[in-house]
Amino acid sequence: MGKTLIEKIIARNLHDENVKAGDIVTVDVDRVMIHDIFIPFVADKFKEMGFKKIWDTDKVVLIYDHLVPASQTDDTRHFRAGDAFAEEFGPIHVHRSDGICHQLMPELGYVKPGDVVFGTDSHTVTYGCVGAFSTGIGYTEMAGILGTGKLWIRVPQTIRVNINGKLPENVSAKDIILTVIGDLRADGATYQSLEFAGDTVDALSVAGRMTISNMTVEAGAKCGLFVPDDKTAAYCGLGGTLPEELAQLRPDEDAVYSRVMEYRAEDFVPVMACPSQVDSIRPVAELAPEEISVDQVFLGSCTNGRLEDLRSAASVLKDRHIAPFVKMIVTPASRSIYEAAAKEGILDILSEAGAMITHPSCGLCCGRAGGILTDDEVVVATNNRNFLGRMGTSKVRIYLASPLTAAVCALEGKITVPAAYKE
Amino acid sequence: MGMTIAEKIVALAAGVPEAKAGDIHTVELDYLMSNDGTTHLTVDMYNSLKHPRIADKNKLVWIVDHNVPCDSPKTAASQKKMRDFAKLNGITFYEGEGVCHQVMAEKYVCPGQLIFGADSHTCTYGALGAFGTGVGCTDYLYGMVTGKSWVLVPETLRFVLTGELSHGVTARDLILTIIGKIGANGANYKAMEFTGPAMKTLSMSDRLSICNLCVEAGAKTALMEVDEITLEYLAQHGGRTPKACFTSDPDAVFAAEYEINLSEVVPVTAKPHFVDNIAPVSECADVAIDEAFLGSCNNGRLEDLRLAAEIIRGRKVAPKVRFLVVPASREVYNAALKEGLLNVFMEAGAIVMNPNCSVCWGSCQGVIGEGEVLVSTGTRNFKGRAGDKNSFVYLASAATVTASAIAGKITQAF
Amino acid sequence: MGKVYKFHNDVDTDQIIASQYLLYPTVEEMKAHTFESLDADFAANIKPGDFVVAAENFGCGSSREQAPAVLKALGVKAVLAKSFARIFYRNAINIGLPAIVCKDIYDHVEQGDEIELSMTEGTVTAGGQVYTCTKLPAHLQSILDQGGLIASLNEL
Amino acid sequence: MEQFSGKIWVLGDDIDTDIIMPTEYLALKTIDDMRPYAFSPLRPELAGRICPGDIIVAGKNFGCGSSREQAPEVIKALGIRCVIASSYARIFFRNAINNGLLLIENSEIQKAVKEGDEIEVHVGEYILHDGVKYPVSSLPQNLLDILDAGGLVKAMQRLNGIV
């Protein structure tokens, strides 16, 4: 019987061709990611479990991003705890202010197609963009992996999402995944793997695929996968064409899916996730007549803080200025994105349009700093969650949107369809 | 009898021919600047007045700079109160444009003006020949409602600057040295006036840095004469014209006069926890640091960033040190971006932030934890100023801070 | 009579009320953090009518009016110091918190001593001894007499 | 099989981890420090009113959102005996088992109960409410193994020979 992509990845990991959905198996871990909020807990559990050494220090990446820059005096305790752990059990890879973990893991080559990766963060699913199986776990399990290099998993069933055709100009990867989540609902893919395919998907950049993989967890998915191709190989530093060994990482024609969803790219429209559920999706065109005024716009996060996202916003903000009394906060996802955007003149455009450009970090998305709001304020944000109270009080209304839509909302000071700014 | 610059500005603002130290005058204010540190309280008090009114909204400039971007729901509520009031009453309002004093210098302050700011470092404006002084929000409210306030005319301490700063020594070292000499209350209630042949060697950036820190000696205001450097700065920043250009009369009376030879100044640091606790940087070498901060209304200008970039170009921040680089305003940020300076810092591993008060203010954006050490170009090193109450702040120049960030310990740059 | 809470030279406004509390919506919400870094129990222990006694340059630093405001909100009757930083002094008078220059009292009282202040006489009594304070300048006295600056605004 | 009874608190669908434990408090030193803020965005009073032995009854997708293990830990720290929901988000589910917090899946009982009711739980068999039995299934063996060991930390300690 044919295999899905996740079955292929796990079979490769186990060197066992008989793996199928539903099996409970123990995988060898290729890489783990721990971030600053949880490192003290991981360190404590690791010691409590009685481990004396890390199974393979080169496979451990520690990233400070949620608490950078520190906004509360106790935050730096996490950096010290991480540094101490690295010193005692390292050498491990440590990034102290280089950007958001999920951006850095693929960008810096820590994740390759076919890898099995776990992280102490739910958006670890992001690495599916390069055809890796990656998912979020708690800090207790992470401590266990650090000692053993292994984790049990249940091989998930797969929902296949086929998208074919040409996307409208004002639609981006963000609109695709929001629409899919709206159709699946917040628990529609629980325990399942989402597998994206079709010529629209093939045409997406790795950055666009990252946006999609990143948000699959919002439908409950265990992972969100793309078949690695030449673009993936180039992104991962594996040369211009995908190495033969990795070319096997594609689903079989006769693979068995729990569900198949079909989309025509031409049918997508700019959408928003409305307060306060990620699956509460509405077309922007339907919201616009409600004249919803916007207090703040946030462009950033591991969902949409990449160069092409900044470019997209800059395309409408060039030689324009955001609306009076509206704040626009731009938080590039990594140090190299910041540098590239500076070189390309994108930061100039955004700053001259009135945006504040912060250091690369999780920023507002993790709700501890970076633009916290208060009662009755409205924020249009490009990140992945609009949960109640995520960005301030429970009365803050959070709308999730694409970078293009967000930029247009900043210009107009109200929820606006990006179509109006198309050439 | 002759008058000092301070006396002349007060006389002009009071509409009287003469003012002398010790007099109390009612003055007409030229600008009233307020920031998010206290404006929410001003708004509450305003709303509690029997007959609330604004004398002249064009004199008000409100700037959100302390917690930007906002870090907590309570702060957001306070800032929203300020923003909503500004919107409702047509008050000039900036958010995220930069540290208030830098924004005021770039866009508003003119020689001869008398300006109240609801922030102690309002004395910065002396660099442009204006009498700027910090007030609380009640005084601010009085000025906002009436357009006026009362001023006790200050005595003046005069600093005659000669010689020239050596390579690697900055205006920051000079003013720290002066504060160390006269003490944290050495100029309490007084004006500090700077003059002398060395003035022509000091850029507007240097001058702003010097005047900014005078409040750390207790000064009510700081003042400098208007010269070509001042006029050029005004021309480049909106083509502003002076209200009046004053110098102190030859027979003006000064409370004290000091001659400072700039060539004798060495790189110094203000050790914890007082700004007048001054020592040469060389004495503090080997103090290990956790964080370094380049920014603030004192040292976040383009010249400071250039100096720092020159030192750090091609080098790296020490692995565990957090080096915060925070341009003082959007104008500075944009210029530094265009010159490629921000990427120099990024490539070195620094944390480059949007213009804001940052850790100088110590409530968000890079606060330090228990037992940690910060070397900072900020304005104050009071106990707990930068975060945890049991932490340590050393104040120093942009050069010293940058060299320290690279070395991981307090280090003299040149 | 009120108890003495004694502080040193150069007590700055960050010690009186730290930056991280200044943007709390009201002074009532801030006051529990008064003098937090120097005496964590100050806000809990101080009773209305008690005194803050300090040495030179009390209230140096920032212009934050929250500094005198939290002291007033906690019921501090007056601050007696050898000298004050100017902005703090002005702010205190403006909100009706007596800030009184008294050169001698600091060296003759200890934490917890009971003292009595007579504003009209310009004296402080401690341990049976009477100490003279510096009178307020007439202009400031008139602001205090009107009940602070806000009250005077309401008269306009 | 183990059985117990308790008073219930009723919550809705999609109770996310930001509701269970907001990010603002995640960096507090201990779970006890975080406890008062549990569920605060939705029901700020709840943490103060939950008593040891109480039971949470919720709708679908309980624990969706982030991987923060503070979410199950804080529920356990509040003294919640078990959570009954029509379904769980997967990371939360794993984290709960690893911390020894009992989760039961049932999608019928929500319609019948109201907050404050007493219910009786027969683990792996059924829940009894108002005379009606709601059947519940048992956990997979590998999870029972972790629960039997007393959570993942204990299981690893056993592996390392320190218990």
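Note that the chains are named A, B, C and D in the order they appear, and that numbering of residues resets to 1 at the start of each chain.
Following the convention adopted for this analysis, contacts are C-beta pairs under 8 Å (C-beta built on N, C-alpha and C of every residue); 3 or more make two chains touch, one makes a residue touch a chain.
Just so it is clear, the structure is predicted and the values come from calculations on it, not from any experiment.
By the document's definition of touch, common neighbours of chain B and chain D comprise A. With centres taken as mean Cα positions, chain D sits 52 Å from chain C.
For the pair chain A and chain B, the distance between C-alpha centroids works out to 41 Å.
One inter-chain figure worth recording: chain B and chain C are separated by 27 Å, centre to centre, where each centre is the mean of the chain's CA atoms. Among all residues of chain C, those that touch two or more other chains are 20. For chain B, residues that reach two or more other chains under the stated contact definition are 72, 75, 77, 364, 367.
Shared interface positions of chain D, i.e. residues touching 2 or more other chains, are given as 24. Contacting chain pairs in the structure are A-B, A-D, B-C.
Of all residues in chain C, only 10, 12, 14-15, 18-20, 22-27, 29, 36-38, 56-57, 60-66, 68-69, 83, 85-87, 90-91, 94-95, 137, 139, 148-150, 152-154, 156 touch chain B in the complex they form. Residue ranges on chain A touching chain D, taken from their complex, read 24, 37-38, 41, 45, 48-51, 66-67, 72, 74-75, 77-78, 119-122, 124, 135-141, 143-144, 147-148, 152, 186-187, 190-191, 218, 220, 222, 277, 366-368, 385, 387-390, 394. By the touch criterion stated above, chain B contacts chain C in their complex at residues 24, 36-38, 40-41, 44-45, 48-51, 66-67, 72, 74-75, 77-79, 81, 117-120, 122, 134-139, 141-142, 145-146, 150, 152, 184-185, 188-189, 218, 220, 274, 361-364, 367, 380, 382-385, 389.
Only residues 68-77, 79-80, 83, 96-97, 324-325, 327, 329, 335, 338-339, 342-343, 347-348, 351-352, 354, 356-359, 363-364, 368-375, 377, 392-393 of chain A touch chain B when the two sit together in their complex. Chain D meets chain A in the complex at residues 14, 16, 18-19, 22-24, 26-29, 40-42, 60-61, 64-69, 72, 87-91, 94-95, 98-99, 140, 142, 151-153, 156-157, 159-162.
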